[in-house]
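Per-chain numbering from 1; labels A, B, C and D assigned in written order.
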Amino acid sequence: MSDALDSLRQEVRDWLAVHAPKDWRARSTSEAAFLELQRSWFTTLVKGGYAVPHWPENWPGGGRSLAEQKVIYEELARADTPRLLLSFMSTYHAASTLFEWGSEEQQQRYIPRILEGEIWCQGFSEPGAGSDLAALRTRAERRPSFSGGGDVYVVNGQKLWSTMGQFADQCLLLVRTSSEGVKQAGLTYLLLDLKSPGVTARPIHQIHGDEEFAEIFLDNVEIPVANRLGEEGQGWAVAQSTLSSERGLTLLELSARMRGALWRIGDLIRANGRSEDAGVLRDFGRLASKVDATCAVADQFLANRIAGEERVGDASIVKLAYSRTLREFTSLGLRISGLDAQYHAPITFGGGMETGNWMADFMNSYAWTIAGGSDEVQRNIIAERLLGMPREPKNWVVKEGAA
Amino acid sequence: MSDALDSLRQEVRDWLAVHAPKDWRARSTSEAAFLELQRSWFTTLVKGGYAVPHWPENWPGGGRSLAEQKVIYEELARADTPRLLLSFMSTYHAASTLFEWGSEEQQQRYIPRILEGEIWCQGFSEPGAGSDLAALRTRAERRPSFSGGGDVYVVNGQKLWSTMGQFADQCLLLVRTSSEGVKQAGLTYLLLDLKSPGVTARPIHQIHGDEEFAEIFLDNVEIPVANRLGEEGQGWAVAQSTLSSERGLTLLELSARMRGALWRIGDLIRANGRSEDAGVLRDFGRLASKVDATCAVADQFLANRIAGEERVGDASIVKLAYSRTLREFTSLGLRISGLDAQYHAPITFGGGMETGNWMADFMNSYAWTIAGGSDEVQRNIIAERLLGMPREPKNWVVKEGAA
Amino acid sequence: MSMTRAELQDAATKAFDGDLTPDAAHSWNLITDMGWLMMAVPEDQGGLGLGREAVGVIHQALGRTLVAGPAIAQMLVIDALSAAGGQDELLGRAMAGEIMSASLAEGLRAVPDADRASHVLRVEAGRISLLPVEGLALTARATWDKTRRLFDVDAGDAVGVVLAQGDAATALADRLSALRSVALAGDCLGGADAALAMTTDYLETRRQFDRPLALFQALKHRVADMKAALAAAQALFWARTEDSAADAVTMGAMKAHAASIYRLIAEEAIQLHGGIGLTMEHPCHLFLKRATLNAALGGDGDQWEEAAGRRALNA
Amino acid sequence: MSMTRAELQDAATKAFDGDLTPDAAHSWNLITDMGWLMMAVPEDQGGLGLGREAVGVIHQALGRTLVAGPAIAQMLVIDALSAAGGQDELLGRAMAGEIMSASLAEGLRAVPDADRASHVLRVEAGRISLLPVEGLALTARATWDKTRRLFDVDAGDAVGVVLAQGDAATALADRLSALRSVALAGDCLGGADAALAMTTDYLETRRQFDRPLALFQALKHRVADMKAALAAAQALFWARTEDSAADAVTMGAMKAHAASIYRLIAEEAIQLHGGIGLTMEHPCHLFLKRATLNAALGGDGDQWEEAAGRRALNA
């Protein structure tokens, strides 16, 4: 590790010693407290210059190399600071899509407001289009605005799994403007102000009690054509920027946090008098190895990315390794904790994946095996893109008149 | 259980007390000894009237109900008699196919010789057609016999995985007589005398040292048309009889034998000082439950069959349950026995699936997850036939000019 | 009783063939009206004398639609009263539906619907007794599984009606443990069956990439594994319920097996449903929560598998 | 040493890029000619000073083509001589390829190629010594894995050259255990990588039901799981070999992890090859046999996972 990185690490560590919130888990027992914590911690990070190290250097707080970003993330994890859940979509997905596709004017309008705390969410998934994004059906039709100004798109449809959508101000919206030709070619990418008339956001009640996601209903919502990213019909390409805007750092951080939480299972083993149970010790030891391997593969992934050696499919390996290991982690906790875990306890909002509320953690672990590209989709990508196994042609058809 | 079955059970038990071979495992250390044991035990069973209880009642030793057969099998397993491996294809596959498709003359020619010890094998699989039997390529062309008599089929090709093929006298042979139309319609079923010129049978060396299977090479082999079962082009239908000739009793017996062999793992645990290892005890207990469940599902399957309530796919469940459990059984033995299992020890020929030669047993367990319809094929059958999930159309094609 | 089992299964399935999680009070009335509480009680005590197999049928039916209520605990009390003998009056009231509850765990923890019960069963080393609930301290313990209402009961040194003492109490406790395992395992297998059916239905209906999910072989194979595991667990269940010699360890191991299959299927159900399976709007989670609670009640897998392993070692 | 690792990997792969199970004598000459035996020895002792990471590279290469011979044991002897110091003459002979062997298990069991060795390393509580083989009783122990030739050695009370005693012996034994785990784990991951590649090749070539097996999604998903598990195990392997603080338990747990992945992949390779994978004609079984032997050598998973769990508990 270079001297420059070492001194950055020390600088971040010193800063965190002063500014990192303390005892936030204990306070984060309501949604309101969670939101307040998220906002204040983001503001603090912006002031400290650590909120958006991945932005280009012409924006305040940006210009850090991937190696520097990694140091900052590692120190944030080490200090067990709250993860930036509320602003995550804004600083990653919205920002990077705007940097790549936004006009100068669009960038100047939206980017500074992100640092001021404007929250973005993503409107891609739909009830009928989960893993198969190209099948989305939310319609946008262009017509002159009745209220003057330029043309508008009038949007009707429903979006699902919009992370933090109920708290967001703006939405990255993927819509269908044409049903002609291949499905991908009919998509267009819009920026939606969620305060527009006709928008309703409703939280989705998750099985462990959190409401991390929302569904968004769009009823004749008007979006000015000026708020389009890229050209009409270019939405699929723009969406790829959004989807690939964050690769590597989050899983590095989450893996490190999982390793940092192994003590919770150790405590549980002791508290349940299982310290001399050879089977439990072995399961714990095996889990610890898997956690370490997950950290190592996330680290390796990022190193490859820094070195410009990332291959398509590598990210899927990291995601799959993390999601499976998290499942095993929470499963072991659930098992050892026995009947205790079955009694309901209030969740810690935004508390991360390993809170020691074992049944809640266990259920929450499914979010990682399903959301953001399910394990099944990752397996397809690994097999087809990384190992080069043939794809099932999407347009296989049954021969006429055959069985 | 009825009185009649109880008294049959007592009768078989008494007979076995006198006639069952003793100490046969210790003697079965060479192929020659194995063959001798198989032949003498079969002859003894024929004399006792217990060799072919599943045959129709007009044949000696036949006419037993499924419930009676079950009693006989249970007692054979209980007395730990050698399984009838050498004559199995003859008394089940060959006989039942002949009963269903053979002419009176064919039956009178072949059936009595089975009781005299004539050995049959099956010539279905090929190097290019394992699970996909319809793809087989061994060719048979009909022409007049040069040596006089009626027409003959001249057969060229190669057959694989012929159980005990190197010891067999006759072969149930499935060949291609036409390449027109759907693949199944071009198949024809022949009875091949393995002493015919042009036949070479070569044992397949299995990874654990056994040679249970053979490959059979056919070089211009002439088979009289009189030795055809069914019509030309009807081979697929005849083959279905062969494939379904034995369903239920073998897995019932094998499951019972697996349960009967659990003591081997118990002994191993004690011998390795693991009797107080909670993890090992749990793994053993969990295995015992799975073994019991496998016995129960095999039993249930046969009960349904007796009651005429068997559904397509039920047999696949039993096979899958058995193959997975056998794998776990041998895996646990392999694990506990540690380095000891890695030292080579001579196998017991025909000793069954659980001989206590753990590495050999472990490798042999693969035969059950692959042969006789692999686990993957069973899963397809369960999903499609039993649960009614849609089949992938076999003739899906890629649309012209599409990606 | 295979004819009887089929008839009983038919009746039980028809009784609860509607929506999931039917109304608790309505369900309880149905259970008592159908005579299910007297099913396992010998005929000379006013019951139907159908034994543990009938208990299995009933709890599979209750598990299938996630019926709420204290049926498992009630059957334990009824079995204890029946086995103890000489308690015809209490037994009659319990069979008629007066709620008497019992722990589904150790001591007086995890007692279902204790607040609605007239009595609770107390199982201690060397003594089994039935305590009037009045005057006992109840603490509601909300579970993630909202189909169950569990209470911790502090009974102090209350004694109530002593049903068995000494060796008789030990034997009865073993018998009650076995019965509890049968009931919980039945609940598991009924639920697993329903969750599996729900999943295959979903896969056949839902389309992605222009074809039904049910056409994706990777998913089909997983469903086939679920089905095979369930079929084997069901077969084991019926074999055990028919086996009058099966004791607490044997039944406990069977229950652990059933619970592990239930959890496997409930987990796969959620995964195969994708995002919708993670929401409160879809019933997937109800099965998962009941599966994990069932696994923890009545002794968990670690406990029973170790006991079964020890027994197999000494067999 | 990431540049060096890449270079070394390249050279190692090229050296053994031919058929599986190359000739043992030829392989040994290649190993010595390439300087691999001196790779981890400090430069001031005549080595290349490349440490455990280099050991990892070498044994991955040897595992990939299932090379026979005593390389793992030889490196243990060389490391012991190097660490003990003052044995330059013996060390030089060992680095030059004179076979000196060591146990891959406990005591003097499982000593590779002892019949061709001049010395064997003896690791006892409180003493580590190098014994001339002449006069010792050797018992050949044939393994299922024919790529290894193991012997049990009965050394009676022979002492030979004492390399370490007391606390120094304890520390050296720990160091040797860690090194053995690195070498075995490297062998595992090299073999797993080769078995996986062989399997994907087979699936792409072999057709059933009118399409390549590689088009069946259920098989693709299993291959993807193999790949993901292997990638994580490889990453862990390199992280550990770079970590100079990793001791016997840490390396043992890593080795157990690597061995379990090797076995998983070798098992799946056989299953996905179908019948041909069960025959001696196809190399599948070579990987499976080496995988299971590697798992049993150098402490098995049960031992290391329990030790790792105990350590994590006390962390």
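Operating definition for what follows: a residue touches a chain if its C-beta (ideal position, glycine included) is under 8 Å from a C-beta of that chain, and two chains touch if they have at least 3 such contacts.
Which protein is which chain? UniProt says A, B, C, D = Acyl-CoA dehydrogenase.
What you see is a predicted model; the values in this text were computed from it and never measured.
Student: When you check each chain against subunit C (Acyl-CoA dehydrogenase) and subunit D (Acyl-CoA dehydrogenase), which touch both of them?
Tutor: A, B
Student: Would you kindly say which chain has the C-alpha centre located farthest from the C-alpha centre of subunit A (Acyl-CoA dehydrogenase)?
Tutor: Most distant chain from subunit A (Acyl-CoA dehydrogenase): B.
Student: Counting in whole Å, what is the centre-to-centre distance of subunit A (Acyl-CoA dehydrogenase) and subunit C (Acyl-CoA dehydrogenase), each centre being its mean C-alpha position?
Tutor: Going by mean C-alpha positions, subunit A (Acyl-CoA dehydrogenase) sits 40 Å from subunit C (Acyl-CoA dehydrogenase).
Student: Quick one: report the Å distance separating subunit A (Acyl-CoA dehydrogenase) from subunit B (Acyl-CoA dehydrogenase), using the average Cα coordinate of each chain.
Tutor: 53
Student: Enumerate the residues of subunit C (Acyl-CoA dehydrogenase) that touch no fewer than two other chains.
Tutor: 217-218, 220-221, 301-302
Student: Quick check: what residues of subunit A (Acyl-CoA dehydrogenase) touch more than one other chain, meaning two or more?
Tutor: Residues 278-283, 376, 379, 394-395.
Student: Linking chains that touch, what shape results: line, ring, star, complete or other?
Tutor: Graph shape here is complete: every pair of chains touches.
Student: Write out the stretch or stretches of subunit A (Acyl-CoA dehydrogenase) touching subunit D (Acyl-CoA dehydrogenase) in their complex.
Tutor: These residues of subunit A (Acyl-CoA dehydrogenase) touch subunit D (Acyl-CoA dehydrogenase): 262-263, 266, 269-270, 275, 278, 280-286, 288-290, 292-297, 299-300, 316-317, 320-321, 324, 376, 378-380, 382-384, 386-390, 392.
Student: Show which residues of subunit A (Acyl-CoA dehydrogenase) lie in contact with subunit B (Acyl-CoA dehydrogenase) when the two form their complex.
Tutor: Listed in rising order, the residues of subunit A (Acyl-CoA dehydrogenase) that touch subunit B (Acyl-CoA dehydrogenase) are 277-283, 393-399, 402-403.
Student: Within the complex, which stretch of subunit D (Acyl-CoA dehydrogenase) touches subunit C (Acyl-CoA dehydrogenase)?
Tutor: Against subunit C (Acyl-CoA dehydrogenase), subunit D (Acyl-CoA dehydrogenase) makes touches at 216-218, 220-221.
Student: For subunit C (Acyl-CoA dehydrogenase), which residues are in contact with subunit B (Acyl-CoA dehydrogenase) within the complex?
Tutor: Going through subunit C (Acyl-CoA dehydrogenase), the ones touching subunit B (Acyl-CoA dehydrogenase) are 200, 203-204, 212, 214-215, 217, 220-221, 223-225, 227-229, 231-236, 238-239, 253-254, 256-257, 301-302, 304-315.
Student: Could you please specify the touching residues of subunit A (Acyl-CoA dehydrogenase) with respect to subunit C (Acyl-CoA dehydrogenase) in the complex?
Tutor: Against subunit C (Acyl-CoA dehydrogenase), subunit A (Acyl-CoA dehydrogenase) makes touches at 125, 128, 130-132, 135, 160-161, 204-208, 279-280, 334-335, 338-339, 341-344, 359-360, 362-363, 366-367, 369-371, 374-376, 379, 394-395.
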